[in-house]
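Below: the structure, in structure tokens.
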Amino acid sequence: MPDGLEVHRMSDRWKTGRLEAFSDGVFAIAITLLVLEISVPESGFENLWKGIGDQWPSYLAYATSFLTIGGMWLAHHGIFRRLASADSMVMRLNILLLMLVSFLPFPTKLVGEAIHKTTSAERAAVIFYGLVLLAISVVTSALWRYVAGHRDLLEPDVTDEEVRALTIMTTPSIGFYVVVVALALIAPQVAAFGYLLIAVVGVFRQRGDRTASPPRA
Amino acid sequence: MPDGLEVHRMSDRWKTGRLEAFSDGVFAIAITLLVLEISVPESGFENLWKGIGDQWPSYLAYATSFLTIGGMWLAHHGIFRRLASADSMVMRLNILLLMLVSFLPFPTKLVGEAIHKTTSAERAAVIFYGLVLLAISVVTSALWRYVAGHRDLLEPDVTDEEVRALTIMTTPSIGFYVVVVALALIAPQVAAFGYLLIAVVGVFRQRGDRTASPPRA
Amino acid sequence: MPDGLEVHRMSDRWKTGRLEAFSDGVFAIAITLLVLEISVPESGFENLWKGIGDQWPSYLAYATSFLTIGGMWLAHHGIFRRLASADSMVMRLNILLLMLVSFLPFPTKLVGEAIHKTTSAERAAVIFYGLVLLAISVVTSALWRYVAGHRDLLEPDVTDEEVRALTIMTTPSIGFYVVVVALALIAPQVAAFGYLLIAVVGVFRQRGDRTASPPRA
Amino acid sequence: MPDGLEVHRMSDRWKTGRLEAFSDGVFAIAITLLVLEISVPESGFENLWKGIGDQWPSYLAYATSFLTIGGMWLAHHGIFRRLASADSMVMRLNILLLMLVSFLPFPTKLVGEAIHKTTSAERAAVIFYGLVLLAISVVTSALWRYVAGHRDLLEPDVTDEEVRALTIMTTPSIGFYVVVVALALIAPQVAAFGYLLIAVVGVFRQRGDRTASPPRA
């Protein structure tokens, strides 16, 4: 093959720009659809303040899912900012992650509905919700670990410090979710607040973008 | 630490570009979802013109929420255009703001439904709606005040004139919402039109982008 | 005021980039939400092919609204590509236009539902739908006419030829909608197909972007 | 006509940037709306684990439609990355493609509902769903074949190798859909898994972006 010919060829890699923009769109839509699952039943209008108050499980589930997706978006953004290009595995893990994030409004709705029902329904809904959160957490961590193990996918100037920081940012919530899902077997309502706590901590744990400014040394 | 090394490091700040794009997505989706809450009940098809007309509270709530979110988007845009970077507090206030804006379709639907019901349901729905609008207004103002108090977050060439103008743009609606929510205790339907008036004024009060053109002097 | 100071000041104009991106988001969401209004009632599952076929008014309304919004998006894009900046009036007309486009899923749903009902319900739904389409058309035309009358808002190199072409692209559908709405008084189902025809013609009438290529002379 | 004048003129072509961004928005929204069709009926809360499990046809339809749209988005992206500009036919085929993709949540919901019903309902829903998937596949292939036959629409450096690779990427699923739709006449549930298989293979078959890096020779 002559030198310099065929400089444009099919590659087994994707540029990350559009993949990230598409992912951002899915995160933004999933986070905004959550509200559609909240409503006051017809009977709630007789005493509407009570009717509004009775929906607290829906508000709890809304806030939890909103903050979970928000924190996941920040983590996703943190990963993709450091990616130079995506290979097939990154692309597939990302589609799996988006499929789970888009699915979250369904268990969110279930939790909101089940807490009005029997304890066994509560338990099933809260565990199911937790398992989806756990799956999201596992796939995010797997995505980062795969990338961290394939440094040629990363921007060349990503430092070991950044790799460690992102590993710490994406990993420990897996353990927390396992603990809280187990807790849901005994006390589902307490576990529901546990998910909210993990989500809040997840947002607070986020660290900023990488900066290119010279060291202050 | 040697000079010139580790120029890329984890920072406690975010670039505003993607944060703003993500926020824009949430605003655009929330504003477009509002219509899903409007429908004519089965019985309304017997005399459909009347059935369409009977939905006026839904149209009022739709227009109010649409213009409120539209005005908030313009204010949000006005703030982020002047931000050089976002720190953790900006990021958290922004997530809280988006969570409230995304929540708005729920009280919007309640107002549309309650005005067909009893006066006490009307009052509760209109006050609840007003409290969410008030909360959005308070968080927007808090976001701007925080940024205005941390001038290192702003683009270096933002003038005192601009800071004052944005303070005026984001603050006074808090007072208006307090007044109209109080009015809702006595006359909920009048208050519902009051929210629309605040939203219309809010859109009309918006001022344009900053220009970089030389002074006409 | 000294020369060269305060080069950044509050302006009464907006850059069009973000306004256009936000508008694109609203168009894309409104066009995609239309499908949510289509469903087969429980009874339709006994003979599902018939149940699917019985929804033809919903498919007609879906295709009409989809193509109408698609054509409007192209026209909107044609206008904003030529805008150098937006003033307050452009911004307000644009918000009004987006409010009407976002509203379209509601009359679309009504048409789909009413064609299963009485002739008077059909007539009301089809006229109401046509009035919303007419309003969208009037606001789009008003937006372009305002801009065409304020040439300082346009990019300096927009030619008279382009201004005329866009006037022709945005204006005549107003007349068509008036005629078809009048027709709906007599024959609502025929009028429903008339809206589809206008939408198809509207998409076909679109002309491309402006090119900056040298004349082929 | 004097040389050098009227360099900006109405063209019969569109730049692809905004067309692609608008299309991405529609793909992202359609993919995220799919979850809204999933819910557990009131009776399912008595034994919620069973209620959640009973929804498996909805999960199957969700995953299938999600992966189908995801794969279509990647194929669409592959086509538009190579387009230098879009003419009227490209624009119309693209609108038709988006109209079909946006429509997909409706047959997806039907499949989820019908598998709880009679075999004849199952068969109708699965075939109808397959026909929409087939139509999406045919329009995507037609779009690429049209572009491949009008090489002046492509970026000048697109190689024959790339054209062949995209033809292979966009074409064969047509045949697979025909086979699986025929299979649905006999065994609708098997066919439903067949669609999932085509979607998974479709995602796995995707190849990366074109690279501009020099050949490794």
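By letter and in written order, the chains are A, B, C and D; residue numbering begins at 1 in each of them.
Quick note on the criterion: a contact is a pair of C-beta atoms (placed from the backbone, for glycine too) under 8 Å apart; a residue touches a chain by one contact, two chains touch by 3 or more.
Here the structure is a predicted model, which is why all the values come from computation and not from measurement.
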| item | value |
| --- | --- |
| Equivalent interface positions on subunit A and subunit B, same or different at half | different |
| Centre-to-centre distance between subunit D and subunit C (centres being mean Cα positions), rounded to whole Å | 25 |
| Approximate Å spacing (C-alpha centroids) for the pair subunit B, subunit D | 35 |
| For subunit D, residues contacting two or more additional chains | 25, 29, 33, 36 |
| Category of the chain touch graph - line, ring, star, complete, other | ring |
| Subunit C-touching residues of subunit B, taken from the complex the two chains share | 24-25, 27-29, 31-36, 38-40, 45-49, 52, 62-63, 66-67, 70, 73-74, 77, 157-159, 161-162, 165, 203-204, 206-215, 217 |
| In the complex, subunit C residues that touch subunit B | 1, 3-15, 18, 21-22, 25-26, 29-30, 33, 36, 86-88, 91-92, 95, 98-99, 102-106, 109-110, 113-114, 117-118, 120-121, 124-125, 128 |
